[in-house]
Amino acid sequence: MDSKLTGSSRRLPRRLAQGAAALSMLAMSIFASTASAEVNTTGLAVTDTEVVVGQLHSATGTMAISETGSIQAERLAIEQINASGGILGRQIKVIQEDGASDWPTFAEKAKKLLERDKVAAVFGCWTSASRKAVLPIFERENGLLYYPTFYEGLEQSKNVVYTGQEATQQILAGLDWVAKEKGAKTFYLLGSDYIWPRTSMKIARKHIENVLGGKVVGEEYYPLGNTQFGSLTNKIKLRKPDVIFAAVVGGSNVAFYKQLKAAGITADKQTLLTLSVTEDELLGIGGENMAGFYASMKYFQSLDNPNNAEFVKAFKAKYGSDAVIGDVTQAAYLGPWLWKAAVEKAGSFDVDKVVAASAGLELDTAPEGYVKVHENQHLWSKTRIGQVQADGQFSVVYESDLIEPNPFPKGYQ
Amino acid sequence: MTGFQMPKPVLAIEGLTVSFDGFKAVDDLNLYLDRNEVRVVIGPNGAGKTTVLDLICGKTRATSGSIQFDGRELTKMKEFDIVRAGVGRKFQNPSIYENLSVFENLEMSYPAGRKVFGALFFKRSAEVIARVEEVAAEIGLAGQLHSEAGLLSHGQKQWLEIGMLLMQDPELLMLDEPVAGMSVSERAQTAELLKRISQGRSVLVIEHDMEFVKSIAHKVTVLHQGKVLAEGSMDAVQNNPKVIEVYLGH
Amino acid sequence: MNSTLDKFFGGKQGGIGLLVLAALILVVFPLALDSFRLNMVGKYLTYAFVAVGLVLCWGYGGILSLGQGIFFGLGGYCMAMFLKLEASDPESTKIQSTPGIPDFMDWNQITELPLFWQPFQSFGFTLLAVVAVPAILALVIGMAMFKRRVGDVYFSIVTQAIAAILTILIIGQQGLTGGVNGITDLKTLLGWDIRTDEAKIILYFVNAALLLGCILIGRFILASKLGRLLMAMRDKEERVRFSGYDVASFKIFVFCVAASFSAIGGAMFTLQVGFMSPSFVGIVPSIEMVIFAAVGGRMSLLGAVYGALLVNYGKTVFSESFPELWLYFMGGLFIAVVMYFPNGLAGLWHSHASKWLARLRLPSRRQPPAAAAQPAEQPPASGAGTIDAVPAKQLESTP
Amino acid sequence: MEWLSEFGAIAAMQGFNGLSVFCVLLLMALGLAIIFGQMGVINMAHGEFLTVGAYTTYLVSVLTLKYLPELQPYYFFVAIVLSFVIAGALGWLAEWALISKLYHRPLDTLLATWGLSLVMQQAFRSIFGAREVSASMPDWLMGSFNPTDAIDIPRNGLFVMAVTLLLTAAIFFLLYRSRWGLQVRATVQNRVMSRAVGINTKKVDRMTFALGCGVAGVAGAAFTTIGSTGPTSGSLYIVDTFLVVVFGGAASLFGTIASAFSIAQTQSIAEFFISGSMAKVLTLSAVILILMLRPQGLFSIKVRK
């Protein structure tokens, strides 16, 4: 009851303010903003004061755990954009749809957003499977999707802007680092059994064998949700790899790290580099269970730069001081900002024009630092190595140069 | 093997044994049944009577021994093959399809359309109808042909199940306590029925009711602890001291 | 009573019910819904195939398969393999290291189309495989299980385990199957673009017609002696066996029929939705499909269709408006149906609505009671096997 | 020589691993063996009762850390007892409201309890959030025990093993040595007769079901030492658990133990030589194949009817 009261009392002035803003925007738009007919020639849901976008994530089901951060970050970015005057003088209105962790539902909702709601852009998807399910629809309806997750690559659609890293960006820098810093020669590759870990490990193996001159002493995959890693810890002990290179996801993660620790495989004896543990996952695993291990990501919450400080502050202000921000959450936050920049550069909401304007776009206000959109619609970004701290944060121990995205890496396929 | 020529028995059980976790429910049993014979098996509870029927019709598999029926070894055959070979069995509790009509119950046992596609394209021909009506008259249910079987009295249900067996025209008919729960007059009617239908086939009956046994049995076999204790006419068996001791005595 | 036509239509009552359903899905829906919603209904109707199959094998045969998703998935995968090969012509896949094979194979360093994919270049073979592959698997499972008299409950659990195995296999062999993403990005069927609105509408009608066809086949089976045997077996299996029937073969048959129906549904799903993924093969979707049949009425073929439509419609509505309530609703539905309405909507119709209608003696039987909060499609079924239905308010009237 | 001793160490640890997988399977299956084996009820919500135990443990750990941090090393014992009580109480409620109305309709209990599992999952999500949580472990449960330099025996594995042993012993005692156990077994064998000799079979059913759920709760508590807890954690276990019970022969507790052991060893050994996914496929397929050969499970009692 209390919270409801304060909630609405807080909302009231904001509503007023928004209303006033909208009014003044309307007045302004007569002079300042360009008429809709000019910035929107393809029948999108754009009026003189408003532009509609879609948000398509799993709010329910097994993926809700992972996607909540992305939903929050996108919301935050859109609110900030609206507060600063919107895009081309228009406020962004969001239609949120729930993919419910179910790929056909994603396809159905994507269709709804594009066909019925005529949204100008969609921020959404998390798993590769959901992206693959909606991709044909985006291509057919000529929609625009901002996809936040680091993923396996091997894809390049003109209707998608990939704000997370593709596999080579994340993997190669990480492997180079362990090879150089830790003198690693032997690697044990390990992942959950689906496309992202398998593709990532394939790339890793080629790099280890052909570039680093190292050796892969084990490579294997466990079913999603597996919680028994006893045999694995023994195999690791038998083969004694210099590095365990892991891409275990979901609930398996917790069991995996707890059992590693219980089997005496800890950071003081063993180097482990993971691709799949962000601050979000650490919350479940518990920092003390994997303290000292390393993760290769483009973003950590502890990144020390003014953009990030501001972002973390805003995020915590909105979602509570306990909120943590992982790599994907930050990438999701970039989506609306990149879209805004592209629209403004194009001077139009039309997807083709926005896409054309995207290539070469630079953003130096990103929490991760400077990013630039490549012609292949992936981002140039830096890769960082973070070491897990007992408090659930990472300390950044290494930062690469800006890496070119290369979703179809020659020699790694 | 007896030395001289007797009419070959329809059913020849030899050395039949079945054990459940070491307990021998039927122990080295020998039993021969002739054509046109009505044989009643009696014995105290747990003597193995029902188990013998189970063994013959294939519901339970023998541990050792043989069951020859018309020269065919039943112990290795599937249940439905045993039925098709001409063995019909009535269960202790009336086992009929309560939701179907009497007609449908009987029709279900008509020996045609027994395979999947046969059943799928089974037609209710005049022949089928005639046969159903014939059997219904035999078991005294001609008037109830189209009523739901579940509504019949207990005795009528017993008869219906016997009728279902008759539809198959079996050479060997096995009845497990056919008059249990029947009134006196129903028992008499059942005895008459059994006498009529035993023409041209062999009948093996399990029964406790001595009056009824007397009225139908050609020969009686007494089982005790899975073994044959005595065998012979009703009178001979009733006067057998061993039988009196274990069964009739108390 | 004795004409073959009656066997298909289930007598006068059954005929009316079928006509009403046909009118609903062939006329009312296409007229009242835009192509987006119609496509959604088409998707729901593909689940109805599974539900209709479950009525046969669970409602009448007493065999509760918790792995119908296996067959739905296999049918869908067979169709998807054909479509994927068509979409992977050398021209549109020239960016790959091996053009002309599906993209996911290329990503997994497969350089040649695997042997078991090759027959799927033929449309004729694919159509055959859609039904035959699942039916043969059902035959094998059925032979192994029923011939050895694995009990009801064991059977349910084993089908579940098989669903789990198949899911792990599909996900694990991603070079051959597309893995967890499934087979996506399907475009044309024999050169005909299946993604256009006209195509969707045509596919909807094909789907609806096939569904009605399956219902007719189901009716024919139930009206035959085999149908009576199924019910007899469910109640008195021993009696049937000792009447000279090979009980197992009937169970196997009906299980195979249910599997084939599910597979047709799966193939139509692939065509209408444009992809197939292992998320349909697993345990959860398989059990959800059981609830469609249970809600509609496990003894009613028509009820199963309404059940599939209603539950899925409910899912869409709930997950849009109150996502967190959806599971409560679904769970409550399971419990309520089992405990209070074991015959589902069909049973409700039979015990309430039809009496109410009869009392009103409406000359037109079109107007059903607008009962309570939910739209009231009450397809009825009499206990013994006449199947009939009188719906129905329009399922979806609002956007 | 050194190679040999190392090989021995690995073999020992692998053996231990097999044992600990066995304990996990057995813990999951014990409650179900009671409910399914003794009562014939297919409880698809079994995994959720397990999760109740896990969340209880998590709550106790959070509360202890907040209010009585000095007792943190010992909270686990309280948590186990509470898990048993809470899961058992919920089971008691479920039996009263749901299961008791559905005896003799085993396939329907399957559907109804599946519904119950959905409701419980959503309840977990509403109460604890969608994120997976993890109870903080006392130090004595962390790390490993080293009989020699080369051998690491995980302490949490040892702990789970101890819980399994105690629980199994307790259940054996209850079922085969106590008066209540006699009543349960009597009710299973002949309900009518039991009622006739004055056993309150309704009460026996309810207590049996509650006990099964309580045991699941303890299993859930023990599992927090090896994995995490989320709203859908329980559903991961359900198929494996049922297979263990069915494979063992439903009515036999010995069968359950033997089946858990053989499945665990197969899985553990296969995992050592092939990939985890394929090991799982192999194990499940083997179980199904053997079930086809022995439809009543490994240890079925031949009875005459």
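What to note about this one:
As written, the chain order gives the labels A, B, C and D, with residue 1 at the start of each chain.
The rule we apply is simple: a residue touches a chain if its C-beta (ideal position, glycine included) is under 8 Å from a C-beta of that chain, and two chains touch if they have at least 3 such contacts.
These numbers come from a predicted model, not from an experiment.
Set side by side, B-C and A-D show the greater C-beta contact count at A-D. Averaging Cα coordinates per chain and for the whole protein, the chain whose average falls nearest the overall one is C. In terms of their C-alpha centroids, the spacing between chain B and chain C amounts to 45 Å. One inter-chain figure worth recording: chain A and chain C are separated by 37 Å, centre to centre, where each centre is the mean of the chain's CA atoms.
Once the centre of each chain is set as its mean CA position, chain A and chain B turn out to be 75 Å apart.
In chain D, 275, 277, 280 are the positions where the chain touches two or more neighbouring chains simultaneously.
For chain B, the set of residues that touch two or more other chains is empty. Chain contacts: chain C has residues 168, 171-172, 324, 326-327 touching two or more partner chains. Residues 58, 64, 66, 144-145, 148-154, 156-158, 160-162, 164-165, 168-169, 171-172, 283-284, 287, 290-291, 294, 324, 326-328, 330-335, 337-339, 342 of chain C are the ones touching chain D in the complex. Contact residues of chain C toward chain A in the complex are 36, 39-40, 43, 95, 97, 103-104, 106-109, 168, 171-172, 174, 179-182, 184-187, 195, 273-275, 277, 279, 319-320, 323-324, 326-327.
Chain D meets chain C in the complex at residues 40, 42, 98, 101-102, 106-108, 110-112, 114-122, 125-126, 235, 239, 242-243, 246, 275, 277-278, 280-281, 284-285, 287-288, 291-293, 295. If you check the complex, the residues on chain C that touch chain B are 2, 220-221, 224-226, 228-229, 231-232, 235-236, 238-247, 249-250, 253, 383-384. Across the complex, chain A is touched by residues 6, 10, 13-14, 16-18, 20-21, 24, 130-134, 136, 142-144, 146, 152, 154-157, 223, 225-228, 230, 232-233, 236, 267-268, 271-272, 275-277, 279-280 of chain D.
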